[in-house]
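Once you scroll down, you'll see the structures, which are given as structure tokens.
In the two assemblies presented below, chain A is common to both, partnered first by chain B and then by chain C.
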Partner chain A sequence: MHMKVHTGHVLRTLVSWGALLPMAVTVIVAYLGTVLWSLKISFTNSRTFPSDELVGFAQYTRLFANERWVLSLQNLALYGVLFIAACLAIGFLLAVFIDQKVKGEGLFRTVFLYPYAMSFVATGLVWQWLLNPTNGLQQAVRQMGFEDFTFDWIIDQDMVIYTIVIATVWQASGLVMALMLAGLRGVDEEIWKAARLDGIPTWRVYLSIVLPMLGPTIATVLVLLLTAVVKVFDSVVSMTQGGPGTASEVPAKFIMDHLFGRANIALASAGSIVLLLTVVALVAPFIYARSRAASKASA
Partner chain B sequence: MTTAAIQHRKPSVIRRLGPARVGVYLFLLTASVFFLMPLYIMLVTSFKTMDEIRLGNIFALPVSLTLEPWVQAWTSACTGVSCNGIRGGFWNSVWIVVPSTFIPILLGAMNGYALSFWRPPGAQALFGVLMVGAFIPVQVMMFPLVKIMGSLGLFGTLPGIVLIHVIFSMPVMTLLFRNYYLSIPQELFKAARIDGGGFFRIFAQLMLPMSTPMIIVAAIMQVTGVWNDYILGLVFAGRDNLPMTVQLNNVINTTTGTRLYNVNMAATILTSMVPLIIYFVSGRWFVRGIAAGAVKG
Partner chain C sequence: MRRTMKQFGVLSVLMALAGVAHGAGPQAEVIHWWTSGGESAAVRTFSEAYTAAGGVWVDTAIAVGEQARSVAVNRIVGGTPPAAAQFNTTKQFLDLVEQGMLNNMDDVAAKQGWDKVLPEPVLNVVRVKGHFYAAPVDIHMPTWFWYSKAAFKRAGIANEPKSVDELFAALDKLRAAGLIPLAHGGQPWQESIVFTAMLANVGGSELYLKVLRDRDAKAIQSPAFKEVLLAYKRLQGYVDKGAPGRNWNDATALLITGKAGVQIIGDWAKGEFSTAKQVPERDYGCIPGFGPKSPYIIQGDAFVFPKTSNAETVKAQKLLAEVMLTPATQVAFSNHKGSIPVRMDVDVSKMDACAQKGLAIMKDKSRQLGNGEVYLNPDQNGALSDVLTAYWNRNIPVEKVQKDIAAALSN
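And now, the complex of A and B:
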């Protein structure tokens, strides 16, 4: 009897492990394995083909001496700050205004969120056309009589990164709105009643009471937006191809170009590891905070 | 004034003041204009002739409505070397999306089921690593995956790109179903065990039928996500299987000669059609997917 139970237990474990085999292989080979492999390549002098000759941190030194890489990191930082700030501000405002028991709420939500269903490629292409100085928005405003109107950021080296911010904020702020609105709907009615009794103005309640209560929602949104920032690639490729010149280069594109176009896989791998470390540095605090909150809640 | 009336009036100040109320709608309508403008411009541009586009205003409605750009986009626009329109890309995307939706959902459900009910030792740690893996930028995994796919003989093939989608969607699919199954009482599972149900029987006959809502949410996420993918299709699909997004970008950004903005916009709408239809039809389900997928980490 005891023996039977034991073999039954072993068999059970075996079957469930068998079912989890695809996941195990994915985690070990596709996730951990590839990261370690890229890490190793980044310490070699590989160019078109992987080589085993180790060169220490030489690729990292070369990477940060590369103007294009440094520029793409600067672009990413500027883009990231503006994109996240704009998405949060617009998403929060839209959610608050929709939360005022407006008529046609469903319609407004649909309108604000539909860009999120579109691909980054399509987003980039639409905005490329809209911001086209010869036939787009600029020309339309000029035809209305404002002959000196200029809005040619997309061909301006100093301004082009802002056009990518505009396009991607258009695409993603609806997502922030949807998540924030769900958060607002979770706020206890009692708080509104109490604030009303105390005669606190609505905007004040939103800013000082509701916003801090949305902390977990904001953390989720931040993690989503941060990962989107580091990934930014499709929209740049489709909208500006990194141009004019190299003015809108981003790290993901630098890595792809050096992996496939320029056949410098060691430099590209070094870049990808830097990107990975950036993600870790940015996202880890949130995960840490959440797991602490979770363990506190269960304790 | 009854208490019920008070309860239903939340943000009192804005509601009472007329001008503030107007301001709320004014803000929402202005925002709507900003959000709808690109869609409007895509549509009107796609129905104009090139002459009209060169001379006219980007906001103007087409004077002489033409369907020619749509026909061209679908059948004869140049996607790199060949000029057969983006219909090829459409079908490539369909063939990529169908298995890349079906397989990840099945695997995700199975993982979630094993993790929440059977809990073999070590599985929790594996799941933890998978969740962290969700944050790894694609670029870090790119070159090794190209090599692995190559050595399996799958690089640049349809099964290859499907396998890549399976890999990249595994974290969120597993999380989705794990969380869903955790909300199902363990007693139900124990009862099925006592009735003599084995691993796969309980999965197929009890858990999967109960998972319909989650399967719908997961399917919406996968179809839109895989359809909108660009970078994975670009690298792994191979020349014969390039998805619609990649072909669309080729139509617009790599073609030389005069740019046919009307054809470009028709092609962009055609490419966005599938996820947009899913979005407009599925409504709240789509939002549910976002919320469920957002809890990762």
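And now, the complex of A and C:
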């Protein structure tokens, strides 16, 4: 009887490891393996083809002496902060609006979520046409009579990154709204009843009671938005091609350009390792804090 | 049941026959990026000539040059190479040569006498360590000055500008007449073209070679090169606000409709003018350069032949190279493409007025210069392009630009 339990236990363990094996192989080979390969290539002088000649930190030195790369990092930081803040704010407000049990709720939900169904490329293209000073919004408002109206951010060196923020926030807010709405619907009716009894205004309830309860939802949303920020490439390529000049350059575009057009995979790999380290540096303290909170909770 | 078997039998016989017929002539899969109307017509002259010579052309057209080149490189590395792949007559395929991934075309070159009929800048690119690794097929000149005759008339410009100073005077007159003086598409490669035009016409051939071929730091820091950069930046003042991001053919459209006066772009613009039924010397003018010694900047397309030991494919590659460089095919191709033939010994008397102007200059060896990419590898050329496009769009002191260019070209 004791033996049977033991072999049953061993069998179960084997089966579970067997089921995890494909995933483990994928993670180790595809994720970790390729990251290590990129790391190795970034220390060589590979051009079109990988080479084994190590050159130390030369590529990293060259990377940070490159104005276009430094500008792309600055743009990414600015874009990231604005994109995440705007998406969270707008998504939350839209979710609250729909949560008020308005008529035609299904229709509103569809309308707000619809932009997310578009590809980044289509979004970028449409917004490029809208923001074009000679054929877009500026021209339309001028024709309505406001002769001095200017909205030529897309051709302005300093303002072009904000146009990318506008286009991508328009697209991603719907998703944030959908996730927040799911979170809001999970709030117990009793809380609302109790708040009404106490005479607390609705906005106060949302801000001080409901929002903290949405903690896990917000964490999920942040993860999704952060990955979208680091990946931003197709919107930039379709809206401004990194222009005017190099004003709206982002790291992903810099890396892609150097991988293919510039035939310099070593520099591109160095750039991607720097990007990886940036993300790890941002996320690590957060994970550490959460694991400490979890261990404290279980203690 | 019997009828089905009979049909099946007929079908399999037909398929077997088709298989045999398919393996008739040497089959060549060709990767290229000629997807626009005029370009497709041009590449069709090649496929038709190849089929007439007994081969089977398998077309793999991939839009956008950079895409097509990366697909070609990936396929060569991955082990399923095409028979031929298009590159530019530049250092783009040098890495492939150095890794031993291309077949050479020495027999075809000897047979057709390439070293006698191809211009020197082209020879220096396709001939590496004494072997011919690419078949060049055309020559484009990227720095023509096109102007709209209607716009010039409206601005009261009687004569074609004969010097850079006269060009600036003409641009001033166009601005005074309320037209867009310089039609420009704000993309980095177009800004590189404007820079190349200024380097060739303001700096001269010697400075051009010192900067782009020799990457001489002293030449880059010299006052003469400073003048070139200032002239380049000065042109930016004549461009309209809608220029950033504009495609080159939209800028040409401004000339065709008479809204703009001048455009600095390559001879592929001729296709746009012809499609709009405009005729050179009547509706538009073409200036190859200023001064009697203005250089003819050479850039072009070339096909490389990935290494393979398959005898059939090697036969196909040699036939392809031979067909592409026969004089008749060269002329037919160039007429559709807007380029001039890469062979200097073909009969070009029937080509249009602008092509004739270019060919006359090409005959003088001392005026043949390669485009930047002929001398610089893609990385250096890209770094230079970054500096130039930043200077065009922002107010950066010219001394800093000189330093940045020296740094970009020193890699």
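Odds and ends about this structure:
Convention: the second predicted complex is superposed on the first by the 255 of 299 C-alpha atoms of A that agree within 3 Å, B and C clash if a C-alpha of one lies under 4 Å from a C-alpha of the other, contacts with A are read in each partner's own complex, and residues count from 1 in each chain.
As a convention for this text, a contact is a pair of C-beta atoms (placed from the backbone, for glycine too) under 8 Å apart; a residue touches a chain by one contact, two chains touch by 3 or more.
Here the structure is a predicted model, which means the values were calculated and not measured.
By the touch criterion stated above, A:283 is placed in contact with chain B alone, chain C being left untouched. Of the two partner chains placed around the shared chain by superposition, chain C is the only one that A:244 touches, whereas chain B remains out of contact. In the superposition on chain A, A:113 makes contact with chain B only, while chain C stays out of contact range.
Note on chain A: of its two partners chain C and chain B, the one contacting more of its residues is B. When the shared chain is aligned, chain C comes close enough to touch A:47, but chain B does not. Judged by the touch definition given at the top, the superposed model places A:24 against chain B, while chain C stays out of reach.
Of the two partner chains placed around the shared chain by superposition, chain C is the only one that A:261 touches, whereas chain B remains out of contact. In the superposition on chain A, the residues of chain A contacting both chain B and chain C are 128, 132, 241, 260. Per the touch definition, chain A reaches chain B in the complex via residues 12-13, 15-17, 19-20, 22-24, 26-27, 29-35, 37-38, 41, 50, 90, 93-94, 97-102, 108, 110-122, 125-130, 132, 135-137, 139-140, 143, 170, 174-175, 178-179, 182, 189, 192-193, 196, 201-202, 220-221, 223-224, 227, 230-231, 233-234, 237-238, 241, 252, 255-256, 259-260, 265, 268-269, 271-273, 275-276, 279-280, 283, 286-287, 290.
Per the touch definition, chain A reaches chain C in the complex via residues 47-49, 62, 65-68, 128, 132-134, 152, 154-155, 157, 240-241, 243-247, 257-258, 260-264, 267. Residues of chain C that touch chain A in their complex: 66, 69-70, 73, 77, 92, 95-96, 99, 186-188, 241-245, 377-379, 382-383, 386, 389-390, 392-394, 404, 407, 411.
The touching residues of chain B, counted against chain A in their complex, run 6-7, 10-15, 24-25, 27-28, 31-32, 34-39, 41-42, 45, 53-54, 57-59, 107, 110-111, 113-115, 118-121, 123, 126-127, 129-130, 133, 135-145, 147-148, 166-167, 170, 174, 198-200, 224, 227-231, 235, 245, 248-249, 252-253, 261, 264-265, 268, 271-272, 275-276, 278-280, 283, 286-287, 290-291, 294-297.
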